[in-house]
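The data blocks that follow each hold one structure.
Both of the next two complexes hold subunit A, though its partner changes from subunit B to subunit C.
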Partner chain A sequence: MENLVIEETKYTPKINLDAQKGLIELTGKSYPENTFEFYKPMMDWAEEYFNANDLPKTIINFEIIYFNSSSSKLFFDFFDLIEEMSNKGKYIEIYWRYDPDNDSALEAGEDFKEDFEKLNFKLEEK
Partner chain B sequence: MEAFENKLIGEIQELQAKFTKTTEKLIKDVKRQDKIMIRSDKRQQQEYDELQKKFAEVEALQKEIEETQREVVFTMGAIGESRSKETGNHVKRVAKYSKIFALYYGLPEKEAEMLKQASPMHDIGKVAIPDSVLNKPGRFNEEERKIMDTHAQLGYEMLNASNRPLLKMATTVAYEHHEKWNGKGYPRGLSGEDIHIYGRITALADVFDALGSDRVYKKAWDDERIFKLFKEERGEHFDPKLIDIFFEHLDEFLKIRDSLKDIQ
Partner chain C sequence: MDITKLEDFLDDSGIVFLSYGGMLTQDLISNMTDALEKEAEKNNVSMSASTNIFTIFVELSQNMMNYSKSRAENNEKFDPKGLVLVGYNNEDNSYYVLSRNVIDVIDKEKILPKLEELETMDRDQVKKRYRELRRSGLDKHNKGAGIGFLEISKRCDSIDYKFTQISEHKYQFMFQANIINKQKQ
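Coming up: the complex of A and B.
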């Protein structure tokens, strides 16, 4: 399966999806003009990835500094997908990295952790 | 009959389960949406606060810069004054006269205020005039007069390097405050509106104040003599429009003169 890398822009994060290493990484800010359109390739990739591969473990790193509310919504959708895959028996670890000075990043991480209590969701200070 | 009933119940139960599942999902979505909204509102508020803070900082910096410019210009004006035979409140009065002329001439308040701050620098070039000439008691000979007159050009050369608005204005003032409306002034012999309005204003304000003040070498002229000269020099030495403004608002100019009298 192909890897997918989307470079960071002023309004969008760097996205690094590595099928060989079992790695899903988002780094930066998330203020896309059209959030769902922007993340569609990532969502499609993730679905295909989980359905196709059999790696023993997938690591998801989120390091999102600032994001708009439609990005929040999209991350919920994304974690729904992850939860579905986890329920199907995939082993997935999620790391939500935040700057200790950035309250809103921490709070968002706490929201996701709370909403997806079955997921292996870890908050990590940078 | 019984079997039929059972089948229907089964279907309803299935529907019920589906309905429950759907409503549960809907409730979950609505809860999430609310959560997102609360978080987003909170974040927007923080961002707003942050922005306001930054704006305040920028504003404070802007003020600081303007204050610094004012101080520099004022200090330079004071230096110029220390090298000039004008004394006491001369530069303060010239500053205030200049602003009034500027306002009635039609310049915007901000520009008039800037001119008030820049006009005290008109004689800054005198710092480069040798003491032997500058401090000479009595009248200058032709050679000394020539040297003395270079102060306008010298002031221009000193200030010209600056790109700051206030200093640029001061450059114009220093350069052109000895030009005359009829073209017989110096250093360039400009005439009419080729002389910048800042120069025309400062020229009149400076002369009005110099004539009306006692000096070591002369007594103050009385008002009638000054007014007569101004009428004669309307359209000669001075911009006629400014002379008209002067007579139209004479009370305001005299009020400034009274409030900033030199202490003998």
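Coming up: the complex of A and C.
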């Protein structure tokens, strides 16, 4: 399966999806104009990856400085997919990385962690 | 035009950033957010307050942009002129993000109950409703999750708003979010 890399812009994060390493990484800001359209390739990739791949472990790194409300919904839908895959027996670790001075990023991570209790969701200071 | 009058006014009102004009675009919004980031850095705004200011600024600007665009797509006669500004209030070391644009009465009827409800909610209730709606996707539409005003409420200390009727079917909609610049202990 092919990897997918989307370079960072002023309003969208760098997205690094590596099927060989079992790595999903998002770094930067997220406030695209058409959020659901922008993230569709990532969502499609993730679905195909989990269905096709049988790596023992997948690591997901989220390092999002700030984001708009539609991105918040999209991330929720993404973690929902991850939960579904985890229920199917995939081993997945999620790292929500935040700057210790950025209370909102920490709070956002705490909310996701609570919303997805069954996931291996870790909050990690940068 | 006497530009110093405008400058004096901006200085006196503590306005650090202002945009007024026609159709907002995503490029314009991201360039303005960029400029805001530089302002925040220069003025020693705490990271928490500044990320909240950026998020609210983006949320309000994108609201206005999407609203203008949906009007234009319907070929409606519409004045896309909008105002968005960020100001500083010396008295309580707070920042505010203010937006103002023209909306139809039909949209006022949609927005007003949401805002009235927000006013009755405390912080925990706002967070709870935000997460409920994010999970259910009940208010989701093609551009967003319909949780923008909740996102803003979560990230500020207080809100103000005002609808002013300007014609039979049109209102000026003013919205303001206030963010206290708390420094980390």
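Everything that follows uses one rule, which is that the second predicted complex is superposed on the first by the 126 of 126 C-alpha atoms of A that agree within 3 Å, B and C clash if a C-alpha of one lies under 4 Å from a C-alpha of the other, contacts with A are read in each partner's own complex, and residues count from 1 in each chain.
By our rule, contacts are C-beta pairs under 8 Å (C-beta built on N, C-alpha and C of every residue); 3 or more make two chains touch, one makes a residue touch a chain.
Note that the structure is a prediction, hence the values are computed from the model and not measured.
Undergrad: Check whether A:125 is in contact with subunit B, with subunit C, with both or with neither, and answer first, second, both or neither.
TA: A:125: touches no partner chain.
Undergrad: Does subunit B (first) or subunit C (second) touch A:104, or do both, or does neither?
TA: Both partners, subunit B and subunit C.
Undergrad: Quick check on the superposed pair: does A:2 touch subunit B, subunit C, both, or neither? Answer first, second, both or neither.
TA: neither
Undergrad: Going by the contact rule set out at the top, does A:33 touch subunit B (first), subunit C (second), both, or neither?
TA: second
Undergrad: Check whether subunit B or subunit C contacts more residues of subunit A in the superposed model.
TA: C
Undergrad: In the superposed arrangement, does A:11 touch subunit B (first), subunit C (second), both or neither?
TA: second
Undergrad: Where does A:69 make contact in the superposed view: on subunit B (first), on subunit C (second), on both, or on neither?
TA: After superposition on chain A, A:69 lies in contact with both partners, subunit B and subunit C.
Undergrad: Across the two complexes, find the residues of subunit A that touch subunit B and also touch subunit C.
TA: Touching subunit B and subunit C on subunit A: residues 68-69, 72-73, 76, 103-104, 111, 115.
Undergrad: Can you list the subunit B residues touching subunit A in their complex?
TA: 32-33, 35-37, 39-40, 42-43, 46
Undergrad: Which part of subunit C faces subunit A closely enough to touch in the complex?
TA: 26, 29-31, 33-34, 46-48, 51-52, 54-55, 58-59, 62, 65, 127, 131, 134-135, 137, 140, 142-145, 147-148, 150-151, 155, 184
Undergrad: Which residues of subunit A touch subunit B in their complex?
TA: 68-69, 72-73, 76, 103-104, 107-108, 111, 115
Undergrad: Show which residues of subunit A lie in contact with subunit C when the two form their complex.
TA: Touch list, subunit A to subunit C: 9-11, 31-36, 65-70, 72-73, 76, 99, 101-105, 111, 115.
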